[in-house]
Every structure is written in structure tokens, then in C-alpha cells.
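As C-alpha cells, the structure follows; a few thoughts come after it.
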Amino acid sequence: MGSQILGVLFDGFAYGMLLFLLSVGLSVTLGLMNFINLAHGAFAMIGGYATVTLMNWYGWPFLPSLPVAFVAAAIVSVVLERTLFRRLYKSDPLQQVLFTIGLVFVVSAAAAYLFTTAVQPVRVPDYLRGSVEALGVTFGIYRIFLIAVALVITAFLVAGLEYTRFGAMVRAAVDNQRMASGLGINVETVFAITFALGSGLAGLGGALSIEIVGLDPSFAFHYLVYMLIVVAVGGLGSIRGSFVAATLLGLADVAGKYYVPELGAFLIYVLMIGILFFVPLGLFGKRA
Amino acid sequence: MSEAALATRGLNMRFGSLAVAQGIDISVPRGARYALIGPNGAGKTTLINMITGLLRPDSGTILLEGQDITALKTDARVKRGLARTFQINTLFPHLSALEAVTLAVSERRGEAGNWWRRLPDYSETVDEAYEILASMQLADVCLQPTHSLAYGQQRLLEIALALATKPRVLLLDEPAAGVPRNESSALFEAIARLPDDITVLFIEHDMDIVFRFASRIIVLVGGATLMEGTPAEISSDPKVREVYLGSSHTGGAHHV
Amino acid sequence: MTTATESSATKPSASVDPRAFLKRQTRWSVFEVLFWLATLSPFFLFETYLSLASQIAITALFAVSLDLILGYAGIISLGHAVFFGVGAYTAGIVSKYGWGEPISGLFIAAAAAAIVGYLTSFIIVRVQHLALLMITLGLGFIAVEIANSADWLTGGADGLLGVETWPVLGIWDFDLWGKTAYGFALVVLFILFVVSRRLVHSPFGLSLRGIRENAVRMPAIGAPNPRRLQKVYVISAAIAGVAGALLTQTTEFASLEVLGFQRSADLAIILILGGTGRLYGAIIGAIIFMVARDQLADMNPQYWYFWIGLLLMAVVLFLPDGILGGLTRLVPARWRKP
């Protein structure tokens, strides 16, 4: 009984870490520009397909393909940001929502055209397969790997934000954009770089998630909803908030599916609405 | 003397570690013309925001004609006769000036919840809105969308919107902010013509105007009232002189 | 006015007549009359498309209901299908259990949707921006889950079977060609359009535009924003419920798809295509979207969404006030409403 709960907690935490990687970039960029970028899920998907292409078409091993997934998503996103998204920062949220949804449609259709609608198989290396047993619980090695990667990245993010000059600029811009520009910070450049980094992380998350949830053209849309829940519940622009919300969501989702499968996604949405009703700005959100 | 039209008792408020209101006690008698002055960042706008309910003070009470309104929402305070204007234009860009003022008048007359009768059928409301606009010299431009009005006209529309609520107490947050000096005095002439039973508290940086139009002056510095007195008392006070003429504070007599 | 001013400015000058100005905005234009006459054309010109025409009329009504909250009051919703679905299921269930009279069915459906609208409105008026999107989205998913698990009532994933609609006013039976269906849907659309048009030209409609334009100023002129928003939300929910009921009554079937996210998302697309805040944008958007989808029905859905995606991006970038807004700009200024 106890070990079973531990197993569910472990799986839920691993899933939460995946959601964190997928969402954290969206949270920071939303906090910076208030730009509702629903194409964030598409960037994650681009990372996933980059990995699939390299491994299945060019025979690359899994690990070296991960940085490429990051870079591919980062480059595509920053090109789009510089050419298209920036025109919409002053538009109303619905325009942003529909424009970026339009982009998701286009990217998903392109993925279906290039890769068919089938779920893409990816073979992770043997040393990441299998599981270890401890305390009577089976821990999947891949999930341990996932958690380790996410925690290392979180540490880098927090340290980067706290202790680097660039991090200080990002924090200033999230807190008060007008004041930041007044202090001579080029908010646009800060935003472009953050946008690329955040999308890159999503791309990495997309690549890492293939083994757990599979990859097909509906990925961009399906996981977008999870990402948005993480961002809204955690609070815009807060890394800590994203981390807590992603963990909560991962645990609730896995535990819900395990213990009360008949409720389906019901539990998650009720939780989200309940939280947002009492704290409309999210758990760690500062401003609307 | 009868009770004050507007009074605050021990208003306190902090933004994080910054104290923007420290035990503010003010009392404005009915029909008076008071000026609120102080350097930029003194907490003048914050005080108006607290009085009108846009911000909630951490502690203290606000009295309108002797009644405690601290717990009321902004719109309920307006219904009791407390109106304000904004330092930074807070208007309806795509409504015409006429529609904007008509909106405020119909709100006051309790008609704004009606979703069945057509707007032009409320002829008294529309006429009243037009008269208010005319009294602010906006009659000729009142059919234009607000965003196309000249800046000075938008400042006048700020006041027209507040007047449309038929306030008994009117708070003006730098009504002439950004208006050229020669025009700002005309703007204050219009304010001076308001009926005597309207109590006015205005924020203004131009000391000439303050001395001309205010019967009493409250000086706010660092979230606390430094002193209160007649223009003559204030202009001769060494503490005020230090704040305004000394170099230890930012801002100064003129708007930055 | 009490202000003592001797200037002559208080008398209306020759060029400015405020009441005439406001009246002009509410008057029916010749374009509108022509437009509604044109809606009769399917009866004569496109008889084979009558059932598509009634689908369009229903979608247009649904889009008008969204325009009231989105275009006028500025409430973004990605879950408006909840009310469409509540109306659809209510009408279907009432009919399945023995009361197939269509007109009273619409009223019952409207009431049910309005109640759900009222209950959810308390959450809606509390939140903005992303939180609002997520809450409306979440409510939509919850509604689907509820309808799915209450299969004893809704038929679950199989859909609600056994719906039977009686003849309209006991005279016009719902025929195979869809004449009655289109006629009925069109009349309901027209009536509720007139109601909505009346609403947006009322003081209430003006106060909604005020909230959309500047939600901070509104309380400062004495307006209780949350109450106003709740009211329009309930009205909009009722109209969406009628649209859903019409769908059930004319097709004699309801499935989970009436509540789904897809329907909410398509609706937002329709409104942005047509143009928000102008009522006719909702109708034009519905016509373009539904006709295009009908013409491209054989296309693989993936590619349909490819083109929709491109179209959306193009409209947002190049026609920010939608297709109708773009068309209006082609009309000479003096014919346009101010």
C-alpha cells in the first residue's frame, strides 16, 4: 500500500518535471510581454520531431539529439518572434490567441504531411531502459533520468535568474517593464533571448516526452492545455510558480488516473478552477 | 461649523517596504476649495485612490459627509456623491465624448441597466450630457471619438465625466497635467465656476495657480501631512520652503 | 445644468445635434434590409442547400451570442459551447420525454442555459486575461465530462436518441428537405438578432462598451462592472442555449460534440474572421466558415485546419477588425454609421 503510493508519487513527480520543462518558458515570456503564445506547444513538438528525424532517419543516438531539439525549437521560435509575433504585442489577447492557434494548425498539418499522423517510435538507449527496485517500489530509469535533467535545468534557471546580469534584466522587466526600459534595459532584446531559451526548453521537453507520452501531430494541441494550466495556476512569470504548479498537476494527473480513473480529466479542471477562483493571478502571480 | 464633507482618519498604506500613507488625517469642509501639494512620489495620487476606493488602505477610515465609506466599493462611493478625475487620462478611446458623458449621466440616473430602450429615447439624459459638455467648451467636438480629441480637450472631458455624476465632493488629480500654462489657468477658471456647494480637493504643482484658486492647502511629503494652512501660511513656512526650494527632494514646484 | 455660464455654448450649435447623432446609429440601414432579404434566397435559389442554410443560421445565432460578451463586453471565452450544449441537451431531453413542441422547447432550453450562465458568471467576472481563458476552457472540459458520465440522461458517447420535434405551431412539419428547419431557424435568428441589436443600442449596451473600453474608469463614474458583466453573460448564455436547442430540434439528435472544445474554438474563429463588436460580423463569419467547410468537406481534416490556420493568421495580421471590418472600409464614409 505505502509502496504503491510512493510509486504513484514518483511517476507523478516525473510527469510534473516534464510538464515543468514544457511550460516554464511560456510562463516567463507571458510574464514579460503578456503575449499569449499558444504556439508554445508547437515549439515543443518541433523539438520532438527533430529528435525523431535525427534518430530514425539519420541514425543519431538519443542523447546527442537532445541539444539539437533545443536549438531547433529555439531558432524556429526566435525567427517567428522577430518576424510575426512582435507585431501582436499590443493587440488584444483574443487576436494573440487566434493568431498563435492558427500557427499551431499549420505546424500540426505540416507534421502530419511530413511524418503522417502515426505515433512516432523512438528507441531510447538501453542504459535508460528498465528499472531499479528500492523499498519495494519500481523506479523507471528513464523517469529518474528525466527528473535529474529537470532538476539540473531548474538549478541553472534559478541561478541564472538570480546571479547573472541577464537574469537581473529579466526580473526587472517582468516586475515593471516601463521602469526597466527607463533603466536602460532593452526589453525587446531581453524578450527575444528569453523567448528563444524558453522555446528551446520546450523543444527539449518535447524530445524527452516522446518516451513517456508518445509523439504525433496532436501533441502541440494536447499538451498546450497542460502548459497553460501550469502557467495560469503557477502565476505568470514565476519559475517557482511553474515548478510548484507543474508538480501539483503531474501528481494530480497520475494519481487521478490511478485511483479514480472514472473521473478522467475532471479532477484537474476542478482543481484549476478552484485555485483560480481564489487566487485569480495564480499561486505565485504578481500582476494580471 | 457643520461636519466635514470629506475626512480621513489615520490612513495608512504600504507598497511592500514603501510607506505611501502614514496616518493621514484630513478634513475638508463643505463647499471648500482645497489644494493638495507635495513633491512627486509623495503619495498624493495614492491618497485619492484610497479615498475613492481604487486602493484599500491598510488601516484608517474615510468619512463622506460624516458617514464611514471605507468598506464601500468605488461605484457605491460615486453614488454617494464622491467623484474624481485621473492624473493620466482614463477615458473611453473609441466612444465619442457625447457617448462617454451620456454613459456617466445614465449611470447616475439609474438607466444604464436598461437593455431594451434605445439610447436616443432617453432625451433628457442625452440633453444633460450635451449641456455638461458645452459647459466644458466641448460642444463642437462632442461627436468625435475620444481618441481623436486634442490632449487639452481630453483633460476637459476628464472633468466632464466626473461632473456627470453630480458630485458633492470632487477630487481632481492634476487636472492641468501636461496642459500648457496659459491654458491651465483657463481650465481652473472653469473649475472655479463650479457651484458653491461642490467641495473640491485638487492636486496641482503650479504654485501660482494653487495660491489663486485654493482657500487652504495641504502639504503631503513622504506619505505624511507636513502641514496644512492658508496660502499665506504655507508660502511663508520654512519647512515647506525647504521641501520645495531645497535640494533634498526630487520634483519641485513644477511638474516633471 | 447648474453651471452658471453665460456663454452661448449650451445651445446646440447648428452642426451638432446629439440626439439625431445617436438616432442615426440605431437606424436600420439599407444594407441591413438587403442583407435580411438575401437570407430568404435559399428558399428559391439554393433549395438543395437548405439544410446547410439552417446550420449556418444556427451557427450565426451562436456567434451573435458570443459577440455580445466578447465584442461588446470584452469577455473572452473559449468555453461558450457549454451553453450551446446545455440548450441542445435540454431541448432534446424535454422532447425525448414527451414534449416535442419546439417553441416552448426553445424557452425551456434558454432558461436552462441562463441558469448555468448565472451560476458560472460569478467566476467569470472575477478573472481576466489568461486566467479567464483557462477557466472558460476548463468549464468546457468539465461540461463534456459531466455529459459523458451522465449517460443515463444524455446517452453519453452514443448521443441522445429518440428526439422528436412536433410541427411548428402545429402547422409546419420538419420535412426532409429542411424547408421548415431553415424557416424556423431563420425566424428565431432574426428575432434574437433584433433583440441583440436593441441591446447594443441601449444604455446597457453603451455601458458594456464602456467596460470594454476602460474597465478602470467605469466604477469611477458609478458603474457596477461585475453586475453588468454578469447580466450580459446570462443573456448571452440564454441565446447560445436557444441556438443549441435549434440544432437538436432540427436534426432530432444531440451528441457530446455540441459541448466540445472544438465548437467553442470554431466559434471564436468565426467571430474573428467576421469581425467582433458589430453583430453582422458574427453572421458573415458563420456564412464564410460554414460554406467553406461544406465545399471542402472531402478534404482531409488536417489540411482543412492548415488552411484555416493560414487564414486566421492572415486575418489577424491584415484585417484586425475582421472581414466585415475590412469591407466596411471600402464603403464611402458618408454611408457608414459613425
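Note that the chains are named A, B and C in the order they appear, and that numbering of residues resets to 1 at the start of each chain.
Operating definition for what follows: a contact is a pair of C-beta atoms (placed from the backbone, for glycine too) under 8 Å apart; a residue touches a chain by one contact, two chains touch by 3 or more.
Every value quoted in this text rests on a predicted model; they were computed, and no experiment measured them.
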Longest centre-to-centre distance from chain C, chain (CA-based): B
Central chain (by mean CA position): C
Whole-Å separation of chain centres (CA-atom averages), chain B against chain C: 40
Chain A and chain B: spacing of chain centres that average the CA atoms, whole Å: 47
Where chain A and chain C are represented by their mean Cα positions, the distance between them in whole Å: 34
Footprint of chain C on chain A - complex, ascending: 30, 34, 36, 84, 87-88, 91, 93-95, 97-99, 101-106, 108-110, 112-113, 117, 217, 225, 228-229, 231-232, 236, 262-266, 269-270, 272-273, 276-277, 280-282, 288
Complex contact set, residues of chain C against chain A: 70, 76, 78, 123, 126-131, 133-135, 137-139, 141-142, 145-146, 148-149, 265, 268-269, 272, 276, 302-303, 305-306, 308-313, 316-317, 320
Chain B-facing residues of chain C, complex: 1-5, 9-13, 15-16, 18-19, 21-23, 26, 198-199, 201-207, 209-210, 213-214, 216-225, 227-228, 231, 235, 338
Complex contact set, residues of chain B against chain C: 52-54, 73-75, 78-79, 83-84, 86, 90-96, 98-100, 102-104, 106-108, 111-120, 122-123, 125-132, 134-135, 137, 139-140, 142-143, 161-162, 164-165, 193-195
